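Okay, got some structures for you below.
In the two assemblies presented below, chain A is common to both, partnered first by chain B and then by chain C.
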Partner chain A sequence: MVIKNGSLLKDIYKHKLDYFFILPKFILFIIFIALPVVWAFFIAFQEYGIFETIWVGLTNFRDVLTGDLFWIALWNTFRYTLVVVPSQVIIALILASLINPLNRKAQIFFRGAYYLPTVTSVVVISMIWRWMYNSKGLINYLLSLLNIDAVNWLGSSTWALPAIILMSILTPPGVGVILYLASMGSIPESLYEAARIDGAGPITSWFKITLPLVKPTTLYLAILGTIGSFQVFAQVLLLTDGGPGYATTTLVHLIYNSAFRDFEFGFASAQAIVLFGIVLFFSFIQVKFLSSDVEY
Partner chain B sequence: MKKTGLMLMGLALILTMLTPSVLAWEGKITIWDAPRWRNEEGDQFHWIKSRIAKFEELHPGVEIELVEVPWAELGEKLNIAIAGRDWPDIAPVDISGGTVKLKHLEQGVIESLDSYFTEEELADFFPAALDAYSYNGHLYGIPTSMTVHSLMLNLDIFEERGVEPPENGRWTWDEFIEKMKKLTFDRDGDGEIDVYGFSTYILKGYYEAWPFLMMDGARPLSKDNQEYTFDSPEAISALEKLASLKFEYKVSPMEMGGADVGGTFQAFANPEQRTVAVEPWASWAIATLRNSEKYKTNFMVAEYPIGESGEPITIGGSGGFVVFRQRDKGKAEVVGEFAKFLSDTEQQYIFAVEYGTFPARKSAQEMDPFKDNPQMKRAAEMLKYAITVPRHPNWPQIDERIQAQLQLVLNGEKSAEEALKDAGRQVERFLK
Partner chain C sequence: MNVKKIFLNIAKGTVYLILIGWAIIALMPLYWMFTTALQLPDEVFSMPPRFIPTVVKKFFPLLLEGKREEAIFLLTESLRSIRVLFTDIGLPRWFLNSVIVSVTATLGILVFDSMAGYVFAKKQFPGRDFLFWLMISTMMIPGQVTLVPMFILIGKLGLKNSLGAVIFPPLAMVFGVFLMRQFMKTIPSELIEAAKIDGASEFSIYWRVILPLSKPALATLGILTFMAVWNSFLWPLIVLNKDYLYTLPVGLKTLQDKNLVDYGLLMSGASIAAIPMIIVFLFFQKYFVKGLTLGSLKG
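Coming up: the complex of A and B.
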């Protein structure tokens, strides 16, 4: 539905039944998403108190940027994102490419299998990984078979963040697989036939046809993945609570602590807005470098 | 007839004067409470429900709504409720902990209860309990119980290794080390250590390990809370001792000093594990280890080892109810009355017997609630050595910085001196 400038009201009137059906969701969005976001922007400039708030201008932002923890958290979050997002996208692409040629029944099975972890609580997954990372857990047991000493996975600054990253990477990217399969399914078979006639093998076809034509999906997953990765929280809270020291403190974990432990809502809102800016910046970069018009 | 009418009016007037003002208010009170001990039906809220029913019976027109909140979520939910100015009327909060911030007291979120108690009534409370609910000379809650940290000793492991537990639960640091060495062993003969002498965890807001850090006389802040003092030689030597359990004497598992509270407890109390002989816990663990079907353990309580300070220092706390800001004076009186009702001598005695806490009232203690509970009896003796964490408005931030550095010492990444000095630099701006 394309709406020209100034014709929104006319369009609402014309499609009033359509708008009526999206109204409940829209109202919920306004109440539970839009208003809190606007409110967060507002209190980021205040020292928030229960009965009175003081307008402090940019002080909260200055404190965020000069604070000792923000840069540590940003660096940890950045490292997490840098590894997890490309890994998840590549794993999803490879899995989808392996599933796509299968028959319909096998496809349905694998789609379900890989989507299952997506609907499994991250709390459950984190608890299982916590057990696996235990000094006498599965991973150290496997290392012992190779005569490698047990590693203090979650208690060492060197290994704690990689341990969380590994857990995220090895949780199958269900959404990515589904989206890639949908995208691959819509590529005309004639393109592959033409490539075969020209002598291209499966690998060449994959690189020359599949990969470029699923680029919009790759872009979409990269942006969604980046946004999600910058918001990594639950696994950090459950596995390490940001430690040891601040080795796994991430931005959202920091925001959570500022708001709900330190009760500094203005400061936490300023941190959240800075995070918003960072995510926006990286999303823009991704759109700039990955977007392209694809027609087939 | 006229005379009778006048007499009736006079009687009514006298009755009105005699009737407590609390009866003047009618309406709904909201209380948040967390699970207590189970009754036969498995209900962990039966105690508060029975108290509510009794209070409603005594005060017709007053309705009390109970909101059941798990302990783990209580602090976060309360903070959100406070931020939204939608707090309950009364809740079980320890103001010396992190659940309600001192800033909330300064901002008037919590009602002062000064006017609810006479001097005589206050004299029935232990000074330490009252102190835990006092700030700037005002009383901000009613203490119902006291807690103390102590060491829990798995006597089966002591017996298995032929190690004598410390006499009357008291030991020096050297004696402690000797016993921990003997309690660390390879149970199944595969060349791997299966059972360790000691373990604990380090996490912001938790203080099980802190009595070790104070054993040589150190304190985190100066008495006036203006200066960081945890980088003193006494603090450094004490932290070095704690770290030596893991790195020098190797009597603690790899996980010691991590943030896994549940895992640490399971290692001690879960019958399928029982891989640690001694762990420090707050007194709630005594009731769990005595009464819980799953975690029932043959155990005794002991003091933290005595260091250079010459005393078995420990950390204590206090539990109770606070009343949140009330607009209606009549309601405030009823809520205050209800809080007192929940914390009378009889209830504190019941808490001590059933819930494993120490009474905050002397009169409840005099009823000898631990006559059949040697572990609680012994732990109660440690109360006199208990100190509380500093009462500083920025304590959550200060605590977090210190605990983060402690983790780095106990995972071997920093020396005690380096970590405690780094913590000092980081907390400086929160002390101003």
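Coming up: the complex of A and C.
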């Protein structure tokens, strides 16, 4: 044992330069990620105050799970995710399938057009949509062309959440299109050739070849999308601030309010940890259901 | 044969129709932002909406007709809200803050992540895999979990209400280490061996062999980091509470809070925040694509 330890220390000493190369990143990682993560779990069991911090055990978690607000926020977040993630994945899949056979120039053009809106800040995009959703805004004008009455998009509890959902769906899934295109580009042409010889039409070969072979991308996008959707925040803050009432309050909006408007740090941390658990759970479910026959 | 050709053309036409239609839906909000920003103050709420701002329609015709003063008056009126943003509201300062924060964080990330990525990819040392996976496993944790402790920590470090509060946390992001390692693994080890035989020191191998070969990955990581920091919102919103420290997204949020229905002003501010990223994207599109595809590979 002693000899082994000695040789390990020697080994470490021999590689001291390697550790030096990691050191700056590792220090930053410890201070700004590892420490806060561990700390979050402590705070969740505390009543955090400026002058005094007391341990309260599971009280914060109990308050989170027995309060109405958490369940309202969870339900809103869930509805948002349930509509937005599948829509975005399907739209990305369809658009990529249509772009894939085009020539190189057209591919680059459409890929760029769909990705462009996603490089601008979600704050900017949300501000634009708030303006378009104004009662005298662009959307109601377009509806009036179809003889549909003006809708009070952001001010009514019926329409506020659908409005936020619609914005997310119509903001193109640029990342998805790019990843699907990359994935489709790596499918060998010979597979399609063989299918053609066997008499399969383009639709059949799409279902039998393309769809199964891009499944890893589908899984990746579904998980990434779910994690992102469960954290939806800026759209909510800028479009409705959770209102009217609590019609559009989402989990992260709730965490933000608890922590930085009410300064209930322990309560907010408990909410964040519950959110983490939910995200983990859904990622796990998706891996379970979608990856059963994925080959890497 | 002919029928088949017609059918094929119809199919092709439909495909283009769908793709172009969706591109219009995708780009419409951005177009509408720029349009509103350039409209005259009393034009913003006009019904039906004007899809081409008066200034765009009339500026050059007026000039050609020799009505120079009228043309310039129209232009200054249309750019009124941009002038307000630059003089009465501290938008240039927000812009500068965003530049400082994004550039500093990006440079830091490039140096630290390429150093760490290099040894994780090319070196054998005790604890290497443990350290790597320890860092990578935290990528799963949603940022909100660390929000409260980070807020307290930043206070204790004395960084609250300083730009450091929004520069340091992004430097710890581990995505770049993963990306650099993935890329550097593809650099042949023989090159490193050869440099070693030539008597190159560890540092000069990193500096003269690895970094030049990693340019594509560095460009990709640089652009993705720049975009992430430039657009980041929740964290700066929490730690920056002084007007002169706001980054653009936070500044825009307070601008909206104070001018709820002055859409001309809001869209002008949004345009100024959006333009740099749009330019970066148009110039470096291939690196965005590469970054996304490289980042999704499995370790």
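Keep in mind that, in the parts below, the second predicted complex is superposed on the first by the 261 of 296 C-alpha atoms of A that agree within 3 Å, B and C clash if a C-alpha of one lies under 4 Å from a C-alpha of the other, contacts with A are read in each partner's own complex, and residues count from 1 in each chain.
Convention: contacts are C-beta pairs under 8 Å (C-beta built on N, C-alpha and C of every residue); 3 or more make two chains touch, one makes a residue touch a chain.
For clarity, every value in this text was computed on a predicted model and none was experimentally measured.
Enquirer: Based on the shared chain A superposition, would you classify chain B and chain C as clashing or fitting together?
Expert: Pair status: clash.
Enquirer: With the two structures laid over each other on chain A, which partner does A:A150 touch: chain B (first), chain C (second), both, or neither?
Expert: The first partner, chain B, only.
Enquirer: According to the stated criteria, A:F70 is in contact with first (chain B), second (chain C), both, or neither; which is it?
Expert: After superposition on chain A, A:F70 lies in contact with neither partner.
Enquirer: Which partner does A:V37 reach: the first (chain B), the second (chain C), both, or neither?
Expert: The second partner, chain C, only.
Enquirer: Counting only touches as set out at the top, which of chain B and chain C does A:Y180 meet: first, second, both, neither?
Expert: neither
Enquirer: So, A:N257: does it touch chain B (first), chain C (second), both, or neither?
Expert: After superposition on chain A, A:N257 lies in contact with chain B alone.
Enquirer: Have a look at where A:F276 lands relative to chain B and chain C in the superposition and call it first, second, both or neither.
Expert: second
Enquirer: Between chain B (first) and chain C (second), which, if any, makes contact with A:S135: first, second, both or neither?
Expert: In the superposition, A:S135 touches chain B alone.
Enquirer: Under the stated touch criterion, name the partner, chain B or chain C, that contacts more residues in chain A.
Expert: C
Enquirer: Once the shared chain is lined up, is A:Y80 touching chain B (first), chain C (second), both, or neither of them?
Expert: neither
Enquirer: Would you sort A:Y246 into first (chain B), second (chain C), both or neither based on which partner it touches?
Expert: first
Enquirer: Considering each complex separately, which residues of chain A are in contact with chain B in the first and with chain C in the second?
Expert: Overlap of chain B and chain C footprints on chain A: residues 48, 130, 134, 260, 265.
Enquirer: Would you pull the chain A residues touching chain C in the complex into a rising list?
Expert: Counting only chain A, the residues touching chain C are 8, 11-12, 15, 17-19, 21-22, 24-26, 28-29, 31-37, 39-40, 43, 48, 91, 95, 98-99, 102, 108, 110-117, 119-125, 127-132, 134, 136, 138, 141, 170-172, 175, 178-179, 182, 217, 220, 227, 230-231, 233-234, 237-238, 252, 255-256, 259-260, 265, 268-269, 272-273, 275-276, 279-280, 283, 296.
Enquirer: So in the complex, the part of chain C that touches chain A is made up of which residues?
Expert: For this pair, the touching residues of chain C are 15, 18-19, 22-23, 25-27, 29-30, 32-33, 36, 45, 47-49, 111-113, 115-116, 118-120, 123-128, 131, 134-135, 138, 140-153, 168-169, 171-172, 174, 177, 202, 206, 227, 230-231, 233-234, 238, 248-249, 252-253, 256, 261, 263, 266-267, 270, 273-274, 277-278, 280-282, 285, 288-289, 292-293, 296, 298.
Enquirer: Chain B touches which residues of chain A in the complex?
Expert: 48-51, 68, 130, 134-135, 150, 152, 154-157, 240-241, 243-246, 257, 260-263, 265
Enquirer: Considering the complex alone, what residue numbers of chain B touch chain A?
Expert: My answer: residues 76, 79-80, 82-83, 85, 98, 101, 103-104, 107-109, 202-204, 253-255, 257-260, 263, 396-397, 400, 404-405, 407-408, 411, 413, 426.
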